[in-house]
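Structure incoming, see below.
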Amino acid sequence: MTLNVYLSGEIHTDWRERITDGAADLGITFNAPVTDHGASDDCGVAILGAEDNPFWHDHKGAKVNAIRTRMGIEQADVVVVRFGDKYKQWNAAFDAGYAAALGKSLIVLHAPDLRHALKEVDGAALAVAETPEQVVQVLRYVLTGALPG
Amino acid sequence: MTLNVYLSGEIHTDWRERITDGAADLGITFNAPVTDHGASDDCGVAILGAEDNPFWHDHKGAKVNAIRTRMGIEQADVVVVRFGDKYKQWNAAFDAGYAAALGKSLIVLHAPDLRHALKEVDGAALAVAETPEQVVQVLRYVLTGALPG
Amino acid sequence: MTLNVYLSGEIHTDWRERITDGAADLGITFNAPVTDHGASDDCGVAILGAEDNPFWHDHKGAKVNAIRTRMGIEQADVVVVRFGDKYKQWNAAFDAGYAAALGKSLIVLHAPDLRHALKEVDGAALAVAETPEQVVQVLRYVLTGALPG
Amino acid sequence: MTLNVYLSGEIHTDWRERITDGAADLGITFNAPVTDHGASDDCGVAILGAEDNPFWHDHKGAKVNAIRTRMGIEQADVVVVRFGDKYKQWNAAFDAGYAAALGKSLIVLHAPDLRHALKEVDGAALAVAETPEQVVQVLRYVLTGALPG
Amino acid sequence: MTLNVYLSGEIHTDWRERITDGAADLGITFNAPVTDHGASDDCGVAILGAEDNPFWHDHKGAKVNAIRTRMGIEQADVVVVRFGDKYKQWNAAFDAGYAAALGKSLIVLHAPDLRHALKEVDGAALAVAETPEQVVQVLRYVLTGALPG
Amino acid sequence: MTLNVYLSGEIHTDWRERITDGAADLGITFNAPVTDHGASDDCGVAILGAEDNPFWHDHKGAKVNAIRTRMGIEQADVVVVRFGDKYKQWNAAFDAGYAAALGKSLIVLHAPDLRHALKEVDGAALAVAETPEQVVQVLRYVLTGALPG
Amino acid sequence: MTLNVYLSGEIHTDWRERITDGAADLGITFNAPVTDHGASDDCGVAILGAEDNPFWHDHKGAKVNAIRTRMGIEQADVVVVRFGDKYKQWNAAFDAGYAAALGKSLIVLHAPDLRHALKEVDGAALAVAETPEQVVQVLRYVLTGALPG
Amino acid sequence: MTLNVYLSGEIHTDWRERITDGAADLGITFNAPVTDHGASDDCGVAILGAEDNPFWHDHKGAKVNAIRTRMGIEQADVVVVRFGDKYKQWNAAFDAGYAAALGKSLIVLHAPDLRHALKEVDGAALAVAETPEQVVQVLRYVLTGALPG
């Protein structure tokens, strides 16, 4: 049994590295969006031509990024969505809804103080974790049956 | 041709009424989540028993509400998602992702200043409106071919 | 918004009547398996010919009943599964799994002492109730937003 | 032609080993739930935090286990479900229903005295076996066309 | 609960009338292929233009008929397939396979002497009947729970 | 048996009227795109705001129109696609591909001289007609079994 | 580009060998039912226990064989169905219908004199061949673009 | 993360080579239709027998080609559709519609002067490019996050 895991959401902390490092022995295939904020914002116009209107600047980029994010979610067995303490992060919640509608196993990762605002997202999840290490432990248990400690 | 339209998102302004009133002559079936904030928060414990832990208080409510929201989205031809200027509104973005994954026609309604934060949601939409009246005009055009003015 | 609700499981108490009576004003379409125990056991051989081997006696009946139960689940928006205190009730758990795989909203109804044995079934549910009246309250809330009391 | 087989159900006898040993030459990929009873019961709280209420203790565990069991069933070509003589085993019947709704080939394994109680589950199966050796013979025939003896 | 039933297969005996007459009080929607043999054979060329090559004569007709037969099967809850004692009837077996792949409830109707030749078709069915009256009894039981006699 | 028919393609001749008039007695539900060329081109900017760049002018309109055309195709049992002698008509071929991928019954309507250019589209169709009257005859036969003459 | 091809139908001539030999250089994965007539007839009772009633003898075998045939069709990109001049061959037509409903590319292989009886099956096919060598040529063209001669 | 990309459309310029050469380091699996115009036109009759009527000549070829094109689109993560300045190219638009209905990520490649005629196709795309090099840059960004220059 192998796992394909998509890591969606926050791009400004090291949570992805803590998961991929912690799970390095498990043979998991990890995918993620492009996490370079500037590249992610500008990819549409950088490749397909500049736009005067910032709406279309954003629109072109969002669609090019969607090629990667949709494929990542659709190929995943498990989708982990991380919410941090900055920005609106509506794309993370969008990914969670997208994954839920496709029947993917959803793990949500966030600090306890976001509990109420994330209740619908958590309600669709099979695990709600507070730390990347807990996510690793869930993945390890799912693959090997081993519990921490 | 008739339309089933689900109105997701913000529950603190009159945008739903402005759409249902403006489209009153079109024979559209409109559905929406429970928009009574208190009832929506407490439905789980009010019916299924109190919880000491606020996480499970929220969890029970989120799942009971999901019975209605998932059905509303799955039965819809068009899903309108409204983002206002308060709260995190991650449930709205979750609904948008859920609708997009099911291939529903998505209309997003928000003020222009939310453009950048909503670019992924807008990127999945077939129309991005700033006012409820524009949403009505889209629905009217879709059903009758009539344009405003 | 209307609801199609399938009532699966225990056939020896009045829980179905308590739900359909309590929800009589809600315009819900209720379906259920054939609840006449004898007819349900013998339908296969009574119509399609006797069998010497009790395995095939049961088999013929199970398949004829499946025409009704599968249709009931597939057409439902909400599937309520009731577990009582007698018999193995593996058909109820089978129906719950069938409904879950189809993405139906699942409500499980059972006494608290069955908690541990039903944890996987409850884990797939959007609501876990102890009384038929709670199921009615969930359905009423889903359709009207009204809470009890 | 290769086979992916998921072995669901009873965890207190050696039926899985008898199947995997007997089919060792067939190149089959076998998956199964975590069969350590204690780990399976406690995985939710061991990883994601303790719960006072036993319902939520069970709930957290059931959902973490669901990540593995759903993936196992969804990736399988054949799902074998074993019913023993102890416990309620509603999770086994739930898995059988889940597999049936996804159109998986279902093999049910149980002693003859469970015939009547399992008639709906057997009715959805492509083979009903009494011994693990019969399951091996079915898998061998499916892959190679060879019959026993 | 209502039923949509498609009656596929043999067109040279009165089995369809015996079913629709016998089930006249059940509110079932019955559909069927065009049962006028000549019209069914010639519909393609009669409408879309003559063909010199009999293969294309047949081909045009088969495709026009497919508009009706596929719709009939796809809209059905139950597909009844009748095999008589004349002709190859490969279209009946094709319809049975088509219905089975879509997960429709399949009832096969044939004389006992066709047992061995139809074993794969019967193996996919939820009921195997010898007379149209038995089919009526199955439909009546499915809808009302009433057994004959 | 009723039919839902979507009429896609050319908007500059009276072929739709000839079909809906000829089939007026058949109880068919007909849908179509907005056939007012100007409204169809300008709907996006007329409702959602002007665009300097003609690409985005077209883009906004195409997406608003897609709400109607996708719904029309998805709800249809039969999709008729008409190709005339003017314009590129890539949207008609796009609709045909969209309908084919959804498994809709496809009828293509065009003059014989477009045969070679339309061979892939015709190859996915269940009927290829040269006149609207032939389409009416196909629909009449599908619903009633009656052939012309 | 690789191909998974399922070879369904007649088991008494060497057509499968002629295809697999002719296509030996193409890297195609070929699957087929068990073609040992006796084993195919008796597999159910040989493994799962004897039956007095020949209907259940056949039934048990048909279901065990279905594990292999359904998997073969579901994994295939192309399904070739061969009709010979003996037996009813309803299982071949059933497989063709099953494959068609799943949207598989269907190639039918039969002598010209079966044209009329097979018109519905041929009507669902993307190629109708008279010889195994033509099937090989189709597969070669699909994979390499090379035409014969 | 790897990509399977199908290159549909124009067969008379070197755009496919420019994409596959430019993306040679990315480990992408590229598929395409048979691009030998003559072979593509004649494959049906060359393999399956000559036809007097040019409609059936074309028809047989279109269907044999469909085995390859449908498989190519269905297996793809990304479908690139190229429109040139010659011919009707309805098959390209058909492929775009087919890909869109399956939810594939669509990239359209055409000169700016085709903008208005392709607005519906572009409206369904996640990227609209003018040069093959831009397509390569999109694919490179999707796989690696690297932007040009």
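Order as written gives the chain letters A, B, C, D, E, F, G and H; numbering starts at 1 within each chain.
One rule holds in what follows: contacts are C-beta pairs under 8 Å (C-beta built on N, C-alpha and C of every residue); 3 or more make two chains touch, one makes a residue touch a chain.
The structure displayed is predicted, hence computed values, not measured ones.
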Original post:
Quick one: which of F-H, A-B or D-G reuses the E-F interface, over half of the residue-numbered contact pairs in common?
Top reply: D-G
Subject >> Pair joined by more contacting C-beta pairs (B-F or F-H) >> reply: F-H
**OP:** Please compute the C-alpha centroid of chain C, do the same for chain D, then give the distance between them in whole Å.
**Re:** 23
Subject >> Whole-Å gap separating chain G and chain H, where each centre is the average of the chain's CA atoms >> reply: 31
**OP:** With chain centres taken as the means of their Cα atoms, state the distance from chain E to chain H in Å.
**Re:** 40
Original post:
Can you list the chain F residues in contact with two or more other chains?
Top reply: 63, 66, 128
**OP:** Flag every residue of chain H that touches chain G in the complex, lowest number first.
**Re:** 31, 34-36, 39, 42-44, 46-49, 60, 63-64, 66-68, 70-72
Original post:
Which residues of chain C touch chain B in their complex?
Top reply: 1, 3, 77-78, 105, 107, 125-130, 134, 137-138, 141-143, 145-149
**OP:** Within their complex, state which residues of chain H touch chain F.
**Re:** 54-55, 58-59, 61-63, 65-66, 69, 83, 87-102, 112, 114-124, 128
